[in-house]
Amino acid sequence: MDQHVATAPHVGEAHAHHEELGFLRKYVFSIDHKVIGLQYGITALLFLFFGFTLMMLMRWQLAHPNHPIPAMYFIVPIAIIGVVVLLISKFKPSLSMLVGVLFLGLAALVSYLTSGDDRMPGGIMLPEFYNQLGAMHGTIMVFLGVVPLAVGAFGNYVVPLQIGAPDMAFPKLNAVSYWSYFVGGVVMLVSFFVPGGAANSGWTSYSPLANVATTGQTYWLVGMVFLITSSLLGSVNFIVTIIQLRAKGMTFMRLPFFVWAQFVTSFLLLLAFPPLEAAGILQLMDRLAGTSFFLPSGLVVAGQPLQVSGGGHPILWQHLFWFLAHPEVYVLILPAMGILGEVIANNTRKPLWGYKSLVYAVIFLGFMSFIVWAHHMFLTGMGTVISAFFQTTTMIISIPSIIILTALIISLWGGSIRFTPPMLFALAFLPMFGIGGLTGLPLGLAPTDIHLHDTYYVIGHFHYVVAPGTLFALFAGIYYWYPKVTGRKLSDMMGKIHFWGSFVSINFVFLPMFIQGFAGVSRRLSDGAQQYAHAQNMLPWNEVMSIGAWVLGAFQVVFIVNFFWSLKRGESVGDNPWQATTLEWSAAPTPPPHGNFTKTPEVYRGPYEYSVPGKSRDFTPQNEAD
Amino acid sequence: MQIPYTVELRSDTGLFNAKLGVWLFLASEVMLFGALFSSYVLLRVGAEHWPHGWEELNIPLATLNTVVLISSSVTMVMSWASLKLNNFKKYKMYMGLTILCALIFLVVKAFEYGHKFEIGHLPGTSTFLAIYFTLTGLHGLHVIGGIILNGYLWGPGSKMWQSAPDRFTNRVEVAGLYWHFVDLVWIFLFPVLYLL
Amino acid sequence: MSEAHAEDIKKHVRTYIMVFVALLALTVVTVAISTLHLSTFAAVTVALIIAVIKGSLVASYFMHLISEKKLIYAVLVLTVVFFVGLMFLPVGAFSDKITMP
Amino acid sequence: MFDFLSFPVVASAHGPEIDSMTSMMHWAMLILFVGWGSFFLFTITRFRSSKNPKADYMGLRSHASNFVEGAVAVFEVVVLVGLAFPLWAKRVNAFPSEKEAVIVRVVGEQFNWNVHYSGGDGVFGRTDISLVSAENPLGLDRSDANAKDDITTINQLHLPVNKPVIVRLSSKDVIHSFSLPFFRVKQDAIPGDIFPVWFVPTKTTAEIREALRYTYKLGKTVEVDFKSDDFLDYLDYVTLNDIVNEKDGSVVISKGTRVLPYIKEQLSQAVTESGAEFNKVKLVETPIAMTFEKVAAETYSAKDGSVIANKGDLLSDALVPMFFENGITEVVVGLATPTEIACAQLCGLGHYRMRGTMIVETQEEFDAWLKSEASYLQP
């Protein structure tokens, strides 16, 4: 090993000095929350990348329907990324080398996907394959990408550090969560190789379509059961950790906002996921045991009467699914808002404005998110009373979001704003989430939803909240905490290129979706709506959006290179490079050893005591005694 | 550094970690079975014809199973109380009985299932049977989980009594909470499926 | 373990036996009532009331909920609220549908 | 002023209400966004660290934001009570009386819309799934007295203009969504359930066709050799001259044919079978007549005065060489049936092409159509 190790051990070597564990125990079957957090992080980033790759293939099809897709344009760049990362690793066993190899594997996977007569005969994408890609893009992005990154990775790594705990409350359970997630992911990937391919009924898996779908759907359900188990165990762990393991003096109202966000998120996972598990069990029974929970009597599929007992309800699935999936979308956004709190306070050098109102708003938001689910179902034949209920709750839930966003924006006032890469991403989040959130309102009103439901308007709405919203916040988090994990900063220059490139191009992807949505263009059309008269003058937008997506993809390469290059070459930093107040910076060494703190920290003040009048420094850490 | 509050209680919450953990887990289980009960209600309300449980199912066997499961709950709590009273032998006996009851429950259930299969009553036969097999099957899986858990605490896991008796007692308490919950679910399943 | 504590536990044990007897009795009652084949509404009400009583006994005494900490109650109350929502809102949605003119 | 979102043509009585509500919402959203956005932009420039090196611990002291949030809440209440509830109630409750309305059953299936009219007697005949077959997708029991005069079509929904319509919507297999974008109608078709939707069409298909005109251009021309060039790069192109087998002079592919994969197959077959050799072929890029039916919006004549396409004539790829030869590079077209039933719910691999045509016509045309359909029924 070279001399860098002594000054700034990279991720893999973080614990070399502390105890002598074998390689497997140390990195693979570790029960240290930081290692598990990193495992989550790397796996989730790879899945994000994969989910995006699927989408870029789809966008090619949408821009040039029924034209052959030049697979090499996708395979070669991914392979090149793999080789570059391998070169950075100098082929020494390390994280970079592993990821480099995995990228090569990904290239192979993509070349498998882009060949084969049941997927792309002559390079032309079949509609059924488009549907597989769509369903898997949604599933992978949500369940295998963003949630594991936001909760599994950031939550695991940061929460115990921020509350002054040595680890999670149940370290072994924590490892079980990760491995359950891992298995779930593998099952999802394997499903691409079964006859008929992966699940192709949308990420929502509506019955009866999903009941009569190909084998891939069964894999999807089994995969989901693993993912749900993982989330459940994880959320129990988080809640217990936050309640029980707070350091002395760390009262609830002194918790960093990020911890609050994770706390509420965990409750959403804990209580909303089981109904989907139930629904999954029922759909599995339908598919494997011949029951008909979601199949009414008298179905005729493909000209043949379906031989089932009948008596089920397709809508039952939707209720159970959305009972999970609505809270789930807040699971996607709350940790992002938490990250934003940390980054904004740190880079404005002042406390968050209205900390208490932020906390109450997050709790209220979490609570309300359980009773709005049927706004996804206005057009399933709802009458006036029940739709009035769900319209009202949907409008109510927008208020805490507005309170949170307003408080975050007002927090900027009076600050001394440093435009570091994490801050750039955090700042961009605000208006982007604004667009996404505001466009939720017309969807939440039943009459306006009539025209907009299941059009690209909906796609635009939620991508604004998840992509330039959550994803940007996650990028902010990566740039912000990377130095704590690795002892080195990501390159600012590359960070800024990554930011501006992504920020501009992502709007080209998602803004035209609203225009298409107003025109009434349906989503999930494998030829980009060529067959529809009302969409004729909207077709040119497809190409604009697709080019936007590929440019967006190109700028991610900058990020990946930055990520691995900086592991070795980044500017090396001390324990608290951002001059932050929270415990992970002020009390834990960089990188934190096994057990996190050399001495149990004690907390004396709130989380964001920046620029306290009368203090000589512009930040007063939580563990600094008066 | 050790993880605090694995044995001792945290003063402001009055709990040790695992106890809070298991209650949270049970909360999620409530939602799991809640969703299934909700489905049951919807299917039943929407059905044109719904058989009475007693027409389709074997009430004496189910009553027997109810008694067996209630007994196992008592022996479970007794095993914990024995540990509290420092009586490891009695603990072994009560825990053994708990596991035995659970096994009896499964055997009886297996007979019930076997009979249903024999006369061609399969999950796909009717919505009633579908929900019956799903609910009892899932409950059965929970029973199996309980047997594994309790078996561990009865056998290899009980070594901890020597090294860390308080921690072991806590473990038994937590396992007990889970086991009582399994019993509780059955208390609702029994009338809902068999008697109504 | 202190003597007072042991006394406590012994008292508990007596309670457990009583609860056990009560549960058995209630089981017999509910089965007996079911043989009367009451109207659906009455049967559901009675059966659920008995089940709730039995369930409360198990939760209160075997699971010591009766002397549990506030925090646990908070978690359970939250769960019950969502449980109720999950039970009733879909039923509401099913009964409030667009109907044929 | 309200409509700044460029909605598509609106052709139903309730459509404008939905549009203006949507526009109104978007104005409100825009105001919020611009308000917050300008505060945001001002703040990040005013308080950048180079300008404001020392942060202020307290930050903003005013709590005016509470009022703004309160105002948004009040606005939402007003929208809910004043617009959303009444409009929705009108959609799902205020059905026209059956006597004055046209009632039609629509049953979705993978990937067609089955349409069912009750015929002269106004009563729908019995249906039974055991009777379902390729010829009888609805499973209509023709022996039932009420079914004798029933008219069924596949993907053909005809409706009279300015008369209320009640569509009884259902599905045979999976969930579809009956979407009429120009009429602001959308409702899921759910198997095992029947949901009614109603609306009043206010524009005929012909009027909409007139309103929607598109200009299609002839684009690049290229000359390719079957042997050296990959045809699949030219899927948007139409042949301008025949492809001739030079060995025997026979025309294999005539001019005015779109380059589609089957052409390549046909040519390779000829090569393997008889060692054919082909001339070079000239192609022009154009979307005219691609995907679905378009009609000429004006009359187009050749240089010699002969008509290539009359106004209203269906356009086909075969006409492309004639346009080209006569120097016509822009063609204004209307869509043959701009009104359509779209499927807005993922329903399987054919979801993207589950398009039904819908014709809104005058009462006379509608009656004539019904009559002609009825004449096909066996007595």
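Going by the order they are written in, the chains are A, B, C and D; count residues from 1 in each one.
What we mean here is this: a contact is a pair of C-beta atoms (placed from the backbone, for glycine too) under 8 Å apart; a residue touches a chain by one contact, two chains touch by 3 or more.
This one's a predicted model, so the numbers in the text were calculated from it and none came from an experiment.
Touching chain A and chain C together: B, D. Of all the chains shown, the one with its CA centroid nearest the global CA centroid is A. Centres computed as Cα averages put chain B at a distance of 15 Å from chain C. Chain geometry summary: the mean Cα position of chain A and that of chain D are 34 Å apart.
Remark: chain C and chain D have CA centroids separated by 55 Å (rounded to whole angstrom).
Of all residues in chain D, those that touch two or more other chains are 92, 193, 195.
Looking at chain A, one finds that residues 243, 271, 275, 310, 312-313, 315-316, 323, 381-384 touch two or more other chains.
Looking at chain B, residues 13, 15, 20, 24, 27, 31, 34-35, 42, 46 sit in touch with two or more other chains.
Of all residues in chain B, those touching chain C in their complex are 13-15, 20, 23-24, 27, 30-31, 34-35, 37-38, 41-42, 45-46, 52, 54, 59, 63, 66-67, 70-71, 73-74, 76-78, 81, 84-86, 176-177, 180-181, 183-184, 187-188, 190-192, 194-196. Across the complex, chain D is touched by residues 66-68, 122-124, 126-128, 131, 200-202, 206, 208-209, 212, 295-303, 305, 310, 312-315, 348-351, 353, 379-384, 387-388, 391-392, 395, 398-399, 402-403, 405-407, 409-419, 427, 430-431, 434-435, 438-439, 441-442, 445-448, 450-455, 515, 518-520, 522, 524-527, 529-534, 536-537, 610-613, 618 of chain A.
Chain B contributes residues 1-5, 10, 13, 15-18, 20-21, 24-25, 27-29, 31-36, 39, 42-43, 46-48, 122-127, 130-131, 133-134, 138 to its touches with chain A in the complex.
By the touch rule above, chain C contacts chain B in their complex via residues 1, 5-6, 9-10, 12-13, 16-17, 19-20, 23-24, 27, 30-31, 34-35, 37, 40, 43-44, 47-48, 50-51, 54-55, 58-59, 61-63, 69, 71-72, 75-76, 78-80, 82-83, 86-87, 90-91, 94.
Across the complex, chain A meets chain B through its residues 165-167, 169-171, 232, 235-237, 239-240, 243-245, 270-275, 277-279, 281-282, 285, 289-293, 308-313, 316, 320, 323, 595-597, 600.
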